[in-house]
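Look for subunit A in each of the two complexes below; its partner is subunit B in the first and subunit C in the second.
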Partner chain A sequence: MIDMLRNLALLFIGAALVNNILLTRFIGLCPFFGVSSAMETSVGMAGAVVFVMTLASSATWVFWNVLLEPLGVGDFLYIPAFILVIAALVQFVEMYLRKAMPGLYRAMGIYLPLITTNCAVLAAATEAVKPGFFKMNIAYGFGFGEAVVYTLGVAVGFGFALISFAALRERLDVAPVPKIMRGAPMAFVTAGLLSLGYVGLSGMFGI
Partner chain B sequence: MTDWIATFKRGLSIENPLTILMIGLCATLAVSTKFEGAFFMGLAVIFVLTMSSMIISALRRVIPEQVRIPIFIVVIASFVTIVDLTMHAFLPPVYNFLGVWIPLIVVNCVILGRAEAFAYHNSVSLAVADGLGMGTGYSFVIIVLATFREFVGSGEIVFMNQRIVALPPSYQGPGIVLLFPGAFIIFGFMIAGARWVTERQGRRVVETSKHCTIEEGRAL
Partner chain C sequence: MELDLVLKAVVALSAIGIVASAALAAASRKFYVEVDPRVEAVLASLPGANCGACGNPSCFGAAEAIVEEKIPITACTAGGQAVADAVAAVLGVEACAVAANVSLRHCGGGRAASRTYDYSGLQSCASVARLAGGDLTCPYGCFGYGDCMKACPFDAIAMDHRGLPVVDLDKCTGCEACVAECPRGRIGLLAMVPSEGAVAVRCNSHDKPKGRKAYCSMCCIACKKCEKACPADAIHVENLNAVVDYDKCTGCGQCVAVCPQECIDLTGRDAMVSSALADGRGPKVDGFVPRETTRLDFAEEEPSE
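Now for the complex of A and B:
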């Protein structure tokens, strides 16, 4: 029992910090640079990503283990199958939230459609059923619980990096940056320095 | 024909997907540690972009507007699967190096963005020109970035197990160039350089604040 909890905790920390999907794996950079110019939008996006990513990975894990793997078509159908499952799921979640929880819908509604094309969701879903693509040391065949904890870790890491980067960019707006570097180039250099901090974490906790 | 050439050239210069439009960044930064990986990634993107643009443009009168995004995704995913299986069979080392980035071409903003913005509204030959131009522009930037990073970082350029260029073995490259932070920083300077060139030529600078997923999100 203790062993299992320890494994799950390591999986979570490994996914969230040591193998941070944005800053050490470069997955999901479009929203990272797209919405991070304001704090408010980053918080909304981070919440929506945590929600959708966990849900999408659970759905694709079940889809893979119930349908694709037993039929033996997983290896060549997983790309179109997963992206369709994710797109359909996002549409349903959006419709459900609009009807049932209007408050929550207003808070994260506009970010939901954007997430369909967020590569981080597809990457986390793929990694949960076919571990090893990210070359993590603790990759093994995930059970359902592990898949959910892993995806939750990835999503929390994504949100954390996004929000901290948004805070940096707000400060950067008032900094004296040379004219040619203003805007996007400086944002990239800042992201590089932030990423340097995450690289420093590798090897910690034995992961 | 002049239209065709103008469309083709746009992807190379004023609408370069990476340095000007800044879409499809994820794969670029990740696979640009090796020249070989970047080269085949570029080829894969050119293939998927051109073929999916062609099919989508040929079917543009048949595809209903409301369900176009799922249809685009299915078309793109089919071509990505072709690339995925072909590379797995014929180029196993490259396939292992590219890893998750091959399936992730499906959600690469460049491809869906071009399908939505160009191929869906234009004739087949123009769509092919746009696909080829955008793909070549993408490949050009990614190959330049990878050549710089591999050469400076490890002192040699290896292509299909052949050493093309090598510095003396006593050369010790700065390791950060090959690490993740190095990619961000070097790419930042590359965008600044591209912007400087564009401004010098007096061409219009496309504002970079708009990004593809927002456009696609509205469309959904």
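Now for the complex of A and C:
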């Protein structure tokens, strides 16, 4: 039991920090630069990503293990199948939220459809059923619990990186940056430096 | 074997598709939220800038509130008369006149006003205001670090070569975002005036006029010449500062002519300055001579002498 919890905790940290999806694996960079110019939007985006990524990966894990894998078509069909599942799921969740939790719906409103087929969401869903697909060295398949914890880790890592980058960019807006470097160039340099910090964690925990 | 695999793929994807569409169809019935069609129609006639001037977080929120009659149809100050008319048409009610307001800066100091200390920190009014009350000696004037310009959702404010924000009256919608952002907005540095208001007093100080003149050459000295010159009894010195009553003001310009400090201004001049800056004709505008240059880099191009 303790061993299992320890493994799950390591899996979570490994997914969130050591193998951070944005800064060490460079997946999902479009929202990373697109919504990180203000703290408010990046917090909204991070919340929506945590929500959608975890739900989507749980659903795709079920579809993979119930349908795709037994039929033997998973290896080439996983991308269209996952996109279909994720898109339908996000639509469903959006409808549900609108009815049941209007407050949450308004807070996440525009971000939900935005991340429907975000590459980070698709990557997390893929890795939940094919561990190690994007260079994460896990030699065994995930159970449902592990898949959920893993994607939660990825999503939290995504949110953490996004929010910390937004904080950096807000500071950069008022910093005396040379004119030629203002805006996107400085954001790219900052992202590179931030990424260096995360890459420095690689090799920890042995996963 | 090949055909088998293709069939399986078709079956798998179709199954997912059918399950998903069935679930969505069921959900759209079960979780159906009735949206008042008037809300959508009102939303379509609002500007969609989500500026928040009406007190609602978004134009959608405003549309809902307008339909529920929580706020009047003229609530959209940013949209003005045109939007009020459109909303009135949608809701089938009588349109009424909107009192359009524009933002006005009651300060003409800028770089001509003296500073108590040399500030080189974060280039923001909110920041400098927290440092011993600000670098500007005048406790009522404009710091000139452009927080209002950054806050303006309609791009109507620009910083000119005097280090002062100029409001483009055509673009200003009266949303008061700049007044809320200005650290001295609450003491009247930026204030809303009727858009047809013709004159502006470029001073907000209530200090003793003599002391005031020592730290700012552009200030109102409370000499009351404007009060005497005004044929419409529309300008008065109240609390050591000239105040215009826009209900009475006819825009004749007598006060502008007699002011010894060039502190009363035709409001339209603000708009002139911003377009003049754009053409590079900035320094030719009457009465605005840059007195000294500082390290502050407000305008993109420095005025050529």
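Simple rule for what comes next: the second predicted complex is superposed on the first by the 202 of 207 C-alpha atoms of A that agree within 3 Å, B and C clash if a C-alpha of one lies under 4 Å from a C-alpha of the other, contacts with A are read in each partner's own complex, and residues count from 1 in each chain.
One rule holds for everything that comes next: a residue touches a chain if its C-beta (ideal position, glycine included) is under 8 Å from a C-beta of that chain, and two chains touch if they have at least 3 such contacts.
Since we're looking at a predicted model, the values are computed, not measured.
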**Study point:** Touching partner for A:Leu196 - first (subunit B), second (subunit C), both, neither
**Key:** first
Check your understanding: First (subunit B), second (subunit C), both or neither: which does A:Ala100 touch?
Key -> second
Exercise for review: Quick one: classify A:Ala38 as touching subunit B (first), subunit C (second), both or neither.
Suggested key: neither
Revision key, fill the gap. In this superposition, the partner of subunit A with more touched residues, subunit B or subunit C, is B
Check your understanding: Which partner does A:Leu67 contact after superposing on A: first (subunit B), second (subunit C), both, neither?
Key -> second
Practice item. Give one of first, second, both or neither to describe whether A:Ile27 is in contact with subunit B, with subunit C, with both, or with none. Key: first
Practice item. Using the touch definition from the top, say if A:Met4 reaches subunit B (first), subunit C (second), both or neither. Key: neither
Review point. Does subunit B (first) or subunit C (second) touch A:Val174, or do both, or does neither?
Key: second
**Study point:** subunit B versus subunit C as contact partner of A:Pro80, first or second or both or neither
**Key:** both
Check your understanding: If you lay the two complexes on top of each other, which residues of subunit A touch subunit B in one and subunit C in the other?
Key -> 76-77, 80, 84
Practice item. Would you pull the subunit A residues touching subunit C in the complex into a rising list? Key: 63, 67-68, 71-73, 76-77, 80-81, 84-85, 88-89, 91-92, 95-96, 98-100, 174
Review point. Hey, which residues of subunit B end up touching subunit A in the complex?
Key: 22-27, 29-30, 69-70, 73-74, 77-78, 80-81, 84-85, 99-100, 103-104, 106-109, 112, 176, 179-185, 187-189, 191-192, 195-196, 208-209, 211-214, 216-218, 220
Review point. How about subunit C: which of its residues touch subunit A in the complex?
Key: 5, 8-9, 11-13, 15-17, 20-21, 23-24, 27-28, 30-33, 122-124
Revision key, fill the gap. Listed in rising order, the residues of subunit A that touch subunit B in the complex are 23-31, 33-34, 37, 76-80, 83-84, 87, 110, 113-114, 116-119, 122-123, 126-127, 133-135, 180-181, 183-189, 191-193, 195-196, 198-199
